[in-house]
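Written out below as structure tokens is the structure these notes cover.
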Amino acid sequence: MSAALRELHDSLLSEEGGTLATYIPELARVDPALFGLALATLDGRVHAAGDADVPFTLQSISKPFVYARALADLGLEAVLSRVGAEPSGEAFNAISLEPGTGRPSNPMVNAGAILTTSLVSGDGPAARFERIRDTLSAFAGRRLELDEAVLASELETGDRNRALAYLMRNAGALRCEVDEALDVYFRQCALLATAEDVAVMAATLANGGVNPRTKEAVVPGPVAEHVLALMASCGMYDGAGEWLLRVGLPAKSGVSGGIVAVSPGQFGIGLFSPRLDVRGNSVRGVAASRVLAERFQLHLM
Amino acid sequence: MSAALRELHDSLLSEEGGTLATYIPELARVDPALFGLALATLDGRVHAAGDADVPFTLQSISKPFVYARALADLGLEAVLSRVGAEPSGEAFNAISLEPGTGRPSNPMVNAGAILTTSLVSGDGPAARFERIRDTLSAFAGRRLELDEAVLASELETGDRNRALAYLMRNAGALRCEVDEALDVYFRQCALLATAEDVAVMAATLANGGVNPRTKEAVVPGPVAEHVLALMASCGMYDGAGEWLLRVGLPAKSGVSGGIVAVSPGQFGIGLFSPRLDVRGNSVRGVAASRVLAERFQLHLM
Amino acid sequence: MSAALRELHDSLLSEEGGTLATYIPELARVDPALFGLALATLDGRVHAAGDADVPFTLQSISKPFVYARALADLGLEAVLSRVGAEPSGEAFNAISLEPGTGRPSNPMVNAGAILTTSLVSGDGPAARFERIRDTLSAFAGRRLELDEAVLASELETGDRNRALAYLMRNAGALRCEVDEALDVYFRQCALLATAEDVAVMAATLANGGVNPRTKEAVVPGPVAEHVLALMASCGMYDGAGEWLLRVGLPAKSGVSGGIVAVSPGQFGIGLFSPRLDVRGNSVRGVAASRVLAERFQLHLM
Amino acid sequence: MSAALRELHDSLLSEEGGTLATYIPELARVDPALFGLALATLDGRVHAAGDADVPFTLQSISKPFVYARALADLGLEAVLSRVGAEPSGEAFNAISLEPGTGRPSNPMVNAGAILTTSLVSGDGPAARFERIRDTLSAFAGRRLELDEAVLASELETGDRNRALAYLMRNAGALRCEVDEALDVYFRQCALLATAEDVAVMAATLANGGVNPRTKEAVVPGPVAEHVLALMASCGMYDGAGEWLLRVGLPAKSGVSGGIVAVSPGQFGIGLFSPRLDVRGNSVRGVAASRVLAERFQLHLM
């Protein structure tokens, strides 16, 4: 397995297409040549290749795990009444709110993720963020740190997310202060993890919510199942359908170049390479996902 | 298994919610009390309960099987260049064409299905329809007949489908005559099958394209996989995300009250009950799907 | 006045920008160098310059005059209940139908014009077309002929208009057969008029519905007023607001290169030059309108 | 004239339909029975009836006058490059920004008005607001005061306007700080004027930018013409087309119950009655406008 990952890593090093994300200035300073792959099995082993131990900010990869936290805190029906579960067919930053209610279409687009974050139990934004950090750390099996420079950069450039939050607040969908909701959201996006961490986080979902290394039951089994369903239908934004067709795995990508993918009952996969395609997905990450899915016959269908 | 189906059938008989489809007048004449369930296993056995031997017109249930035919005829890339694979987040009859090209968003909405039908190999509409009928018959393991009364009714009331076809033709997406494309499409919708037939058709997809009763390889394995991925992401229209969340099976519903659902590698399911919910899905069919998925732990994730 | 028109004509001859319409093949065969201007005063005189006596097909210039016919036949409220009066902010061939009812947004876009045509009194399409031809001829003060070659070309290429008509029929907005509605509509578009004719048609609207040459009361005064209001708000499609800002006259352009503009109580203007800008308006026609409006201080405000 | 206004006032007193605006809480505290009418002629006389001397906050009635200020400061082309001139066919608070650029569709919807306000010359928000207040005061011929209670109420409830501003800033369309832009915008909305003031403001536009009472040239003649054109095409939001059809005057309504209407070269009209129809226009104000337009034959066409 490790050899297969190393071989895959080497075969994709020549792929230098794509460009660094620029909309958060700090993200544009990363080394574009970085490339890490990791695969965690349900017996707790982690196979890795390349820069799998280099930390990067989770960005949108945080979304499914915070959704898991909200589902575990409130239950499926309560969460669904506030955030939909339908793919919007739109880009990650789309204004896809339900007419009248302002309910965002799903927790994987920014609007839905901001709202989901506001649902996590906690007395005030600081407590809510610590609960989120604890949850994501439990998924990873180690304490995740915050990248303060990226956080500062997000705060400066988050006008579109501010707009989404004000629209939701105006419609009554978002019920806390905009600044509080965004503060927590920007922090969760700036949490640092490695490809190995992400593989373990994914394996925890693959394993019914139980971290295969620490054996901690992070979220209940049905919550893990529901999160995976959302990743399958909405995880890859406006390319979700083609992803399910070609790769066939629940997954989520982030603008910093990470991808988390899950083979339920089998594996967790973490990928990191910062150059992005036009949809905002890591070029090498997408390519590696396809090869892995085919090589190990991971396609869900 | 058969006992479980009978029990499920009986427990849902009291569910009398929903209304008959009215937009095709002939469909409004069916007995609303009908209710059939069937489950086909990959060893070729079919378990059934209720009115599982009563034929109904396939309507949109035909779409995934004709998509399979087109994929097998042309290959994935050629088909994707003409019909997308993304959920549109819209209703079954939405005008969801790609700006500029007129490419429909996916083969499960009407626009995409009409275009997919036009892609099936065949010298003229009659030959193309016979090829489609042969394919669907091979999926079912017996010759499927046409309901001429429903066909006549569809021809009279198909103005929205005509509009979709003219829009696609105007954009250069549909390359045959509108009347020819619609003639074949309306015919495939009017093919008659029972819940038992549909279960076998589903089992053929679950079995990598090989009919588990006749052992015929109807389509190649990768084609079956691709069809199932499309059913998972786009099969239940604007409720596709919630369906994947709650039921977790690739599926497709039809306006005559049928549902086809597939548990890859395990089962094919055929359901029929004509009363529909507001989204156009069979009320009892949806309820039965949920129970079956939970009872036999069929959720993909 | 005539000298001013000749001077304007000569000054714009060097303007050779724009391209011929291509979506109706027959329109692409016209001499692109043609340029005619005419201005009709309310005392019945017509001033002209250039190719003001060369006939061209009216195309969308027919729309306000057929709308006048429908208003006179049915009354304002009855017409408004079937066709809206709001600018859609969209292009001429937009699918801008009111959700639910299928009511088109206004009579100046294709959908609204097709529906308006279907409202004109008449026993069958042939009678309806003759009534329309009689009306437009009365506006022009002479019998208008049909261009059979352009009509045949329109029939071949009218798929988008067919789509619009089927959508409206499906929604219950269009209540006659699609083929009948389109047959009459394509015919009215293929009626031939010169810039001089168009100037007289415009002067009839400027004169409260009375043709200033023949003295015939073609439509009642309030009908002329309502038609002019629609031309002011919706006549120039997605450029209507800027047109009203810069030129300040009720107007309507056609894809064959004609423009009709009206200075209420003062003048009717007819312009013809086939090269179009990206919005589908005659390049020289727009330029000439601006100069005329400024020179004679015709801006409504 | 005064007698005609009094008669009209009395005839509409029995019209008690409509409801007070509620989205700014402070506006819901006004006496719903108030009804004032005023008509200013170009010789400087003002005719009034009813509560024409009761001040109300201008709200959206401020938009055309601030647009006049921006046009006079920057010139037409510079302003058009930042704010469009096309009716969007949408409601006053619509998200109608040009894809890519974020340019709002016109200065009469909130997004466009916020941007227009940011274009007014001035060193910082305080200076910019004073320049706006000076301009509106010059239009009215007397110093306009600020309603601090309504301003505070707007600041509390302006989340949708904040969202619009953040969207425009994100797109690069709005180039100052969101808080600064909104601060000035909310202040201009909270300026107090009477129906008599509004009639004089309107008469100044009708008079080519020269206040008919003070004789001050507030804005150049072409600016007044351009403002009137924008009011005609976009002033009444999603009902602009029908307004131009039925009333035929450039106009603008505000959510506090005011309407300003202009008969170019003839009159300025100010109306105030707080109960609104579903589109947010004063019920009595709309009714009075129609009667006045018909009685004095003011229809532009």
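Residue numbering begins at 1 within each chain, and the chains themselves are lettered A, B, C and D in the order written.
As a working rule, contacts are C-beta pairs under 8 Å (C-beta built on N, C-alpha and C of every residue); 3 or more make two chains touch, one makes a residue touch a chain.
Predicted model only: the values in this text are computed from it and were never measured.
Trainee: Using the contact definition stated above, find the chains touching both chain B and chain C.
Mentor: none
Trainee: As a quick test, compute the distance in whole Å between the mean CA positions of chain A and chain B.
Mentor: Comparing mean C-alpha positions, chain B is 33 Å from chain A.
Trainee: Using the average of all C-alpha atoms in each chain as its centre, how far is it in Å between chain A and chain C?
Mentor: 55
Trainee: Express in whole angstrom the distance between the two chain centres, defined as the mean CA positions of chain A and chain D.
Mentor: 47
Trainee: Can you list every residue of chain D that touches 2 or more other chains, as numbers and ranges?
Mentor: none
Trainee: Take each protein chain as a node, join two nodes whenever their chains touch, and name the resulting shape: line, ring, star, complete or other.
Mentor: ring
Trainee: Sort out for me which residues of chain A touch chain B in the complex.
Mentor: 80, 84-90, 96, 105-106, 224-226, 228-230, 232-234, 238-242, 244-245, 248, 250, 264, 299-301
Trainee: What residues of chain C sit close enough to touch chain B in their complex?
Mentor: Where chain C meets chain B, its residues are 95, 159-160, 162-167, 169-170, 178.
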